[in-house]
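Labels run A, B, C and D following the written order; every chain starts at residue 1.
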Amino acid sequence: MNSKSLRGILCLLAAAALLTGCGSKPPLPGGGLSFCASSELRTPSPWIEDLNQTSASSAANMFDRLIEQDPASPHSFLPSLAQSWEVSGDGLEYTFRLRTGVEFHSSSFFVPSRPMDSSDVVFSFEKLMRSDSIYYLNDHELLRFPQQSGMTDLLKSVTAPDRSTVVFRLHRPDPSFLRILSSDFAVIVSKEYADFLRTFGRDPDFFNSHPIGTGPFMFDDFREGKYLRLKRFSHYWKGPGSGNVRTLVFDFTDIQWRRMIKLMTNECQVMNSPAVSDIEFLEGSRDTRVYRREFLNEILLAFNTESSVMHNPFVREAIIRAIDRTAIQKIISFDDGSASDAIIPETASGHGAKIVPTVYPFSVEHARQLMTASEARLPLELTVWADRTNLNNEYRDSRLYQILRHELAEIGIKLKIIRMSRSAMRNHRARGRYDLAIINAQFTLSDPSEEIRSVFGCSGADDNFSNFCDERMRLDLERLRTEPDEKKRVTISREISSRAVEAMSFIPLSRTQDTYVTRENIHGVQRTQNEGLSFMNTVIGSHD
Amino acid sequence: MTSGTIRHWASCLWGTFRGRPLFLTGLIGLICYIIIIAAGTLFMGLDPYRQNISEYFVPPSLSFSFETGFNRFIMGTDDLGRDIFARVVFGARNTLFAAVFAAAAAAAVGIAAGFAAAISGNPVLNILRRTMLFLAATPSVLIAVLMTAIVDPSLRHVAEAVALSLLPGFISSSYRIAADELRKKYVIALRTDGAGKMYITRIILRNTAYLFAGMTARAFSTAIIDIASICFLGLGAHHATPELGLMISEGMAFIYRGNYWCIIFPGIAIVSAVLIVNIVGSALKTAIRKGVFENASS
Amino acid sequence: MPLLDLKNLSISRGEGERNRIIDNVSLTIDQGDIRALIGVSGAGMSLIMTAIVGIRRRGLTYSAERYRIDGTDVQKLSPARRRRFIGRKIFIIFQDPRMNLDPAMTIRRQFREILSLRNFHDRWYRYPGWKSRRMENLLIRVGISNYRKVLRSKPGELTDIECRKINIALALAYEPELLIADEPLSAMSVSSESQILSLLDSVNKNEHLTMLIGTNDLAPIAKLAGSVSLLYAGQIVETGKTQAVLSSPKHPYTRRLIRSMNEMGGELDHDEMFSELGGIFPSWPELPIGCRFGPRCPMAERVCLRTPPAVKLPQGHVWKCHFSAPSDSE
Amino acid sequence: MIKFILNRLMTLAGLLFLLSVITFWVNVRIYDIDLHGQLLPEYGKYMRNLLCLNLGTSDISGRPVMDLIRDTLPSTAGLLFSSLMISLIIGISCGSTAALTIDRTTSTVLTDISIFAASVPVFLIAVFLIIAVSLNITAIPSSDELSYFYEVPRITAIRLIDILLTDSGRKSEMLYNCLLHLVLPAATISVLPAAELTRITRNSLRNVMRQHYMQAAMSRGWSVFYIVIFHGLRNALPEIFIRLPVLINLYFTAVVTAEFVFNWPGTGNLLIAAAQDRDRPVIMGIFLFTASVLLTLNSVLSLLARFTRPVTAEQAR
């Protein structure tokens, strides 16, 4: 009676099944490599981005710098776009001789008419230095790299005596200037392109959203919060290189487990920031390789000293003592080291750094007494802002929050944790009501001064979520800005951070070491100075 | 209430549950569920917060050895070494309490408003009822999201959002039921006999109670699903709170490594709760209908 | 050869004699005949009619010794072919005239559907627009003069009598060999009843359409039907030519029926007659063990309550009773 | 009939007004707007912004909310449409089968499956699909709309259509990739509505099948398929339409959850991200947008239910 209708339904189902498809694996399109990055970019132009691994990687692959750090010895530099350079006797004048015949990328609407010359270099740096420059992304955004590196204060002028020579003049001698120039973010862009765009009145926005550089990969497409796609640049001045990556995609995936799934299902071939507890698993897996990174990622707890409750130092000390930071360190990073009060470790070797014994040892009893002494009304409800993006990962964060909540409940403090992105935190800071903030700070061990000045800075524009600043810190920050010697800067940085801890405005919660993971068939991913990943010489091997 | 009526209701209930194997299964499931939750939260000394780093990702097992006795973690542990069984028990309690609150609040307010509109015939209430007909499809997730804009997310607010989303449905259907009933001959007869509004309300309520029992049970199961979904999306309970949806959301972070037990047990807890509520709800509906309209002896 | 030859149709709800809702009903209808099936509602008329067209109800088991239409053994056909075959031969009209028509479709579309889905391979009138012409003709044929408006309307906008006429017109459009009508006269005024009766009569005479008409009232159909079958509690108690049955009823039930009809000038309906008889009309699951009319029969004897009666068939007049020739004196 | 439409339109307008009042009140609460007794001018300003489709700018990205919605809506529409098709086909065919085979194993099995499926939260289905499908068949991806390696020009903004419209050499490859990305989210979204639709179709079609006109049509020996579609479903439509608002709710939750889990670049994902970031302008904007769409949809559905309902004899008189 209804065999016919059943048949019809079966046909429909079969059609649906065909439509959804259950075929074999599609071939990876054209030597494509996908990098699942833990943080997202708002523009494809690295010089107006937060300094993190993703922006450093995009800068490293799309652009070139005048000079490069020698991978073999961290304090010497190799020529890149500059063939050679000289420093004047007083250390105030740097003269660079440029490489000739370096071609810029071309795009669908712009074809460069000339190779790179000195005017491009001058333009690239003036654009960063000038505060009245039109290359701001948004009026509330800061030009991140030049401000953090201190270049704006250091650089007096950039001039081009002839087409292949550039002269940098400084306000004061600074030996770290070469380091600034070799930074991934000190990129050279095309002046001709900017002029071309200006004739159409599309200069700042198009320049930032469709960048033109000289690097091994050229810009192809960008979608905010989703991806950045680069194509191999066939006329790269260093030659084709040994890599076979033709299309490079930065897949912005801020949720950690999704990065992992993408890596496991080969949707991504490279990812960064795996969960610490997964590293063991990943190292054991046949499909993946783990590369540890020599880089320090610190989770700091900032006390908002302007909040009415946190103004009370007893409460702050009670909180510090109530947190078992050794346990946190163990849980978050599976590190057996003991907790430390020092934000910058004594030795600059990163992992396994010697750690000074803590001034505020863990003691719930003591914390309870302090709470009684503080005469705060219990239970105390505190609002915590937590940094959601940047270098952290979901997994670690939620664990951290749970531990904090658990431990502070012991001394009668209830936490209300609100997670938001770093930029949201920054935007809400002025009018926000928060008591504590959990932030992720990322220090380059050789020169942590940039991040130090951002996190502990005294001007309102910084990311100082404790709002704490006394005269000594102000002086130290000023010294840090002007100090030419790299080693001394590390010392000053350490002083600033220990002062912040002493004043109980900040406390380090845990220190992690970030890593990146690749599929087993990916070889030759290189690290750059600012811990970006360069895929120029990356080889995608065959599956087996 | 005399002993006769108690016996009558007891026999109706028992008769219904005994009548169909499905109902009986549901009843047994319900009893087991309640016992596990009550025993787990009150007597077994389980602690859903206790962390033990050295025993993370212990797989679930029922193994037994003479030295150590039964495996301590029958459902395994999560990444912080917390007992998943304890978290499931407390999570089920939290989720179900929130769902009970949402369904009960929506039912009480909704039925009262719907009846008031139908029986009083007040035009203002009638307009309200009409608007509710439109709002009946407002998704709870949308209300929960709106609430995050005003207040900080918490399980209580999620329950309130779910109650709000269930309310219009209750108002419009209780209005419809009451209006239908008012048109029936026996009510007209009562009216002509001069019965008061309160009396008529009571009679109608008694005669439609089985419908409302069914509706409330359905609302309860919807509330369980919605609360779990909202918490899964991260708009609900705080991170450490044991909550079934949130546990699954956190367990997502380990599925690629095969630690499925972080997800499977909360998942089973949700699905079985919903199924049990649905089954027992329809059994109750049948039983109440039997109790109101049939004689106990028959 | 009879058009419909149905022998010993039984429809039962479970095992055993007493669970047979329809008990060994046999119907043979000759070409061009009108057969009236008479019984109260609940006697099983609808069940028999739907069984003939192949609609089965849930929970019932159907069996028949023989079922032939036009000489073809329907039971030997595969289910799909059986459906198509019966569908081509028989057209059924259910009791409620409006519910026979799809409420969501205009009358025109329903005509069109019937005219398209019935395969008229050998028909001459396949010129363009023949369907419209045909449906208009048919509507006029059944006595609907405002056919344009009717064709445009949906069933909900029409009156009962119009719907009945449309049903008959649809049947004519379908050109079946057997028309089954379930209570075509129920709940109608006397004038509409006579309209429908004369329409059915003329259809039978002019189109030679064989009919099986189920009704609970003998009087109006008596003039129309060539033969009648009386149904009581799922059994056919008496069958024969209308004339023969009317003049010499054999079964007590028939006699009672005819006597009351004569006494009251045809105005008496079943309810009144049975209130006179006393007792209640038996229905499943309380069917009597012996003769199903036994408990209410005025002339019942012991044997009637114990064993079912056998069928008596002298010359085409069939009845079912323990007493071979009941006297007229009763 | 016109009166009925007007009535519905008036109700809709009233509800939209109510919605604007609610969101206005929420805005006042969020931003601590000091009304100073100037309630009406403030509300007027708010309404003027709304009517100009000016929903404010995001706190996080600084982009206008309307732009964000315009960017993400096509992806959601594409996903919604494909899952709508899948669930309609599966739901209606399963429901019809169940209604036709009542009291047989097929019907029981279908009904049981649909009841069980309705007890499973949609996120569990999503998680299950990732575990069962994506981690085993690596060809089926678990996130995003299309592999980022492909470049599709933005014509209609719905990826699938855009791909069909392009004349790229890798068209078939892209189409295949796009469909593969669609598999898991669309499956996740379709399951619950399909189950619900199965139940709705089964119940209303069962009622219709009992009617005499259906039995008469069946007795005529026509194809069951034809009868079910052109008579059965046609007459079951009003009842299906009346119950569809339940489906809207299901679809909304399912789309939001699926977009969140599968990282689909749609409005639902945007909404959840905004809620997690507490990006209030975006939350309010999307809420307002979605709520007005849902309300409109609801009134359209009730109009449809009214128009597909056949005229009864009482109404005709």
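Some observations on this one:
Please note the rule applied: a contact is a pair of C-beta atoms (placed from the backbone, for glycine too) under 8 Å apart; a residue touches a chain by one contact, two chains touch by 3 or more.
In this text, all values refer to a predicted model and were calculated from it rather than measured experimentally.
In this structure, the chain pairs C-D and A-D differ in their number of contacting C-beta pairs, and the larger number is found at A-D. Among the chains, the centre nearest to the mean of all shown protein C-alpha atoms is found for D. We define each chain's centre as the mean of its Cα atoms; on that basis subunit B and subunit C are separated by 54 Å.
Taking each chain's centre as the average of its CA atoms, subunit C and subunit D sit 51 Å apart.
If each chain is reduced to the centroid of its CA atoms, subunit A and subunit D end up 39 Å from each other. Centroids built from CA atoms put subunit D at 25 Å from subunit B.
Counting only residues that touch two or more partner chains, subunit D has 130, 135, 276, 278. Within subunit C, contacts with two or more other chains are made by residues 83. Residues of subunit B found to touch two or more other chains are 252, 255-256.
On the side of subunit B, the complex with subunit A involves touching residues 49, 51, 53, 56, 79-80, 152, 238-240, 250, 252-257.
Of all residues in subunit C, those touching subunit D in their complex are 50, 53-55, 58-59, 83-88, 90-96, 98-105, 114, 117, 154-157, 174.
Remark: subunit D residues 59-62, 86, 89-90, 93-94, 96-97, 100-101, 130, 134-135, 137-139, 141-144, 147-151, 170, 173, 176-177, 179-180, 182-183, 186-187, 223-225, 228, 263, 265, 276-279 touch subunit A in the complex. Those residues of subunit B that touch subunit D in the complex are listed here as 130-131, 133-142, 145-146, 148-150, 221, 225-226, 228-229, 232-235, 245, 248-249, 252, 255-256, 260, 263, 267, 270-271, 274-275, 278.
Residues 256-257, 260-261, 264, 275, 277-278, 281, 327, 330-331, 394-395, 398-399, 401-403, 405-406, 416-418 of subunit A touch subunit B in their complex.
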